[in-house]
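Down below is the structure, laid out as C-alpha cells.
We just call them A, B and C in the order they show up, numbering each chain from 1.
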Amino acid sequence: MFERFQIEVLATTDAATSELEEHQKLRASDWHGRMIPTFRPDAVVNIQPGFAEQIRLLSQVSGVDVSDYRTYLTALEQRRRFFKELGATATDHAAQSAYTARLSAHEADAIFQRALKDEASAEDARRFTGHMLIELARMSVEDGLVMQIHIGSSRDHNPDLLTRFGRDMGADIPTSSEFTHNFKPLLDLFGRDPRLSLILFNLDETTYSRELAPLAGHYPALRLGPPWWFFDSILGMRRYFANVVETAGIYNTAGFNDDTRAYPSIPARHDVWRRVSADWLAGLVVEGIVDEEDAHEMSIDLAYRLAKRSYKLEG
Amino acid sequence: MFERFQIEVLATTDAATSELEEHQKLRASDWHGRMIPTFRPDAVVNIQPGFAEQIRLLSQVSGVDVSDYRTYLTALEQRRRFFKELGATATDHAAQSAYTARLSAHEADAIFQRALKDEASAEDARRFTGHMLIELARMSVEDGLVMQIHIGSSRDHNPDLLTRFGRDMGADIPTSSEFTHNFKPLLDLFGRDPRLSLILFNLDETTYSRELAPLAGHYPALRLGPPWWFFDSILGMRRYFANVVETAGIYNTAGFNDDTRAYPSIPARHDVWRRVSADWLAGLVVEGIVDEEDAHEMSIDLAYRLAKRSYKLEG
Amino acid sequence: MFERFQIEVLATTDAATSELEEHQKLRASDWHGRMIPTFRPDAVVNIQPGFAEQIRLLSQVSGVDVSDYRTYLTALEQRRRFFKELGATATDHAAQSAYTARLSAHEADAIFQRALKDEASAEDARRFTGHMLIELARMSVEDGLVMQIHIGSSRDHNPDLLTRFGRDMGADIPTSSEFTHNFKPLLDLFGRDPRLSLILFNLDETTYSRELAPLAGHYPALRLGPPWWFFDSILGMRRYFANVVETAGIYNTAGFNDDTRAYPSIPARHDVWRRVSADWLAGLVVEGIVDEEDAHEMSIDLAYRLAKRSYKLEG
C-alpha cells in the first residue's frame, strides 16, 4: 500500500517508552520506504493512574535512573535522541486544556515526587502538564524536533466503554478551549524562536478566527494544523479555510496531514483535502481575490509542500 | 384551524400542578383531534421565590402529602401518571445551565427542606436542578415519557418588564452553554439506555459541532431538537444543518417541532423548516453527497417521521 | 485627502487629558472640514502602571484638584464638556471584559485611593473599570455624548514588543467575551434610556447571534458597531450580516465606520463594506426576502445614514 498510495513519509506515534522494535526491524530490512516514529510522551507527562509504572518503564528503557525531576528530564532527552536516531522529526502531545505555566524546578520536583507515590491531585496534574508543555517546547528548540500539540478532547467520556475496554478506546468528546491566555507563557519564551516549529491542533472551532489565526499570524513559531478529528471533513475544512486563512494566511498553517488509524483511508482523506482546498481556491479566483497562477502554487503548497516543510521532511 | 392545518398532534405544555381541565373537557367532548398535555415541572423543580407555594399546590393536586424529598418524588411520579392518562408522551424542562450532578437522597432532602422554608441559596437551587434533571431522566426511563430539556436562556433580563409584568414575560437572552462535562453525570447513567428518548434544545450554536453532534452521535438516548427560538429561522436552520448533521447525521436529531404560542403561525413555521431542509438536501444532491432517492426519504423524515418517532407518537 | 475622499466627518480619538491643540488650531485656521475629537478616557479609568501620573495630568488640564473619587468624576465631566465644545459627539472606551457592576461611592473611592498610591490589585482594577463603564454611561445620558465600547482585546501579548517599544504597540490578541450577564448591570440602568446611544464593538464572533443580536434587539439604547479589527474584512463582514442581522435587523446596528490609523486606507475600507453589504442585500433580493426598493434604501442606510444617525452627526 505504501508504494501504491505513493506515500513519501509515514509517521507512527509511539510511546516515549517504546523500544521502537518495528522501526528497528524495518531499518534492518531491505524495504526502504520512509516510515518514521513520532515521540509521544503523554503517558510519562500527564499524571494519571499508572504514572509511576510508566516512569519505571522510562527509567528502564532510557538507562537513566529516574528518581527526581532532574533525572526525569534527562531520561526524556535521552528518549528524544533515540527517536531522532530512528528518523523521528516530530513529537506529539495531547492535553485537554492549552494551559501552560512555568513551575520552578523545586515545585516541579515536588509534584513529580507526589505523582510517583500516587499522591498527586488533579490540580497537580494540570500544573505539571502545563509546565511540561513549556519544558518540551524548550527541548524542541534544542533538538529541532517539531512539536505537535492536540488540545481539547475530553477522553473516555463513556464509563461503560472505559470499564469494559480500558482507556483510549473511544467516546472522546470535544470541549471548549482557550489559547490567548493559556498559551502565553509558552509563547512568551519560544513563540518568536526560529528554531521552534509548533503545530497546533484543536477541537474548538470558535478559536479559529478569535484566537488561533491572530496568534499564528503574530508568532513565527506557531503553525496551525489542519482541521482535526470531527472536523477532518468537507464542512470542517471549509470552515477552517473561511475562519483561519483570511487572518493567518495559508503560510502560517501546516498544510495537511491526517492521523488515521486506517491505512487504506489515507488516499481518500488526502483526496478530500485536495478537493476542498482546490474548490476554496477556485472560489477565490472567481471572486478575483487570488489570481490563477498563485492559486495553482497555493494548491500544491496546501496539498504537499507546507506539510513537508512544517514537519522538516525536506532533508 | 386544527383540521385546516392538517395537524395530527398538538401538545400543550402544562405545569406539573395543572388539573388539565381543558384536556379533560376536550376528551369528554365530541371533538376527536389529538391534543395532548406535556408535563412541565419547572416551577416545582427550579427553586425560586414561590417554590414552597408550588409544593403546597403539588401536594394538593397529587393527593400526596409532600413533606420531604421522598414524598416529593412520589408526588411527581403521580403527576406524570396523571399526565400520561390524558395522553402525554413527553415532559419539558428548562434550565439555564446543563449542569447535572447526583446528590445523595440526604443532601437532596436537606436542600428541599431549606427551599420549603425559603432559605435555599442560589447554589442550592443550582445543585437541586442539576440533581433533579437526573432524577427526572430516571423517571422517564421508567414511565417512558420522552424527556425534553431546554438549556441556555437567561430569563427576565429586563428588570422593568419583570417588575411591571412579573416573571416569564420576555427579555430572555441566550447564554453560552457547556455539555461535555455538565451532561456527563446524566449520560453516565442513562445515555445508553434504550428506554430513554432525551431531546435537547439549546441557544448556544457554538456547541453544535463541538459538543452536541459528537454527544448525540455517541449516546443512543440523546437526540438533538431543532434550532430553537432565535434560531428557529432560515439562517439558524442552515447553520444547524451545516454544523450538526455532518457529524451526528439526521437520525440523531428529532426532526422538527416548533413551540410557538401563536396558533396561526404553525403552518408557516413548518413550511420554513420544510423549505430550508429541502434546499439543504438539494444542495447535497447537487454536490453528489446524497442521491435523489435518499434525499426524498430524508426530506420526509426531517419534516414528519423523525418528530413522530422521537416523540413516541406512532402508536 | 479629506476633500478628495469626500469625507464629511473625521473623528480622532484623544486622551481625556489632551489639550486638543491640533483641534484648536484647525478651528482657528481657514480650513473648514469637520474634524472632531473623541473622548477616550482609558488611561484615567483603567488602573494600570502610571495611573497616578495620569490622574495628576487630569487634575492639571481640568483645573479640578482631583484628590478623591468625587473630584475625579467632576474632572471627567469637565473634560467631556471641553471635548464637546471642540465638536466631539462621542466617547470611546476599551476594556478587556464586558464586566459591569456598580460600586458604592465609598468603595469606588477606596479603590481610587489605592490606585493613586499604586497599591490597587488586579481585582481592584477590574471592579473599578466595571463600575466606571456604568458611571460613564450615566454621563453620556446626561451630556448626550455617544458611548462607544470596544471589548475583548488582550493587549501587548508579545513581551518582546512590550519591553522594546512600550504599551499599545501591537500584538493584541482577541479573547472570548460574555455580555448577557456582564452587561446587565449597565443595561438595567440605561438600556432603555432614549438619551443613550451605546455602540458596542467586540472581537468574539460567537456572541453575535447568541448574545449581541438578542440584546440589541431588545434594548433601545444598544447598537452594534460594525465588525472590528480582524473582522473588518470580507468574510468578517459576511459573518456579521449572517449572524447579527437576522435577529437584530440593520436598524439596531451603527452601520459602518472604521478606526484605521492609515489615512489613505479610508476609501478602500468603506468601499469593502459597501460592496459586501450590497452583495449581501442582493442575495436577500434574489432569495425574495427583501424587495429591490427596500434593498436600495438599506444599502444607503448601511453605507451612510446609520452611522450618521448613531453618532449624532446629523446636526
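We adopt the following convention: contacts are C-beta pairs under 8 Å (C-beta built on N, C-alpha and C of every residue); 3 or more make two chains touch, one makes a residue touch a chain.
In UniProt terms, the chains line up like this: A, B, C = Uronate isomerase.
The model shown is predicted, which means the values in this text are computed figures rather than measured ones.
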{"item": "Copies chain B and chain C touch via same or different residues, half shared test", "value": "different"}
{"item": "Copy-to-copy rotation for chain A and chain B - C-alpha atoms, rounded to a multiple of 5°", "value": "120"}
{"item": "Interchain centroid distance [CA atoms averaged], chain B/chain C, Å", "value": "40"}
{"item": "Interface hub residues of chain C, defined as touching at least two other chains", "value": "206"}
{"item": "Interface residues, chain C side, partner chain A - complex", "value": "154, 157-160, 171, 173-176, 203-206, 230-231, 233-236"}
{"item": "Parts of chain C lying in touch with chain B, wherever the complex brings them together", "value": "178, 180-181, 184, 187-188, 191-192, 206, 209-211, 213-215, 218-219, 242-243, 246-247, 289"}
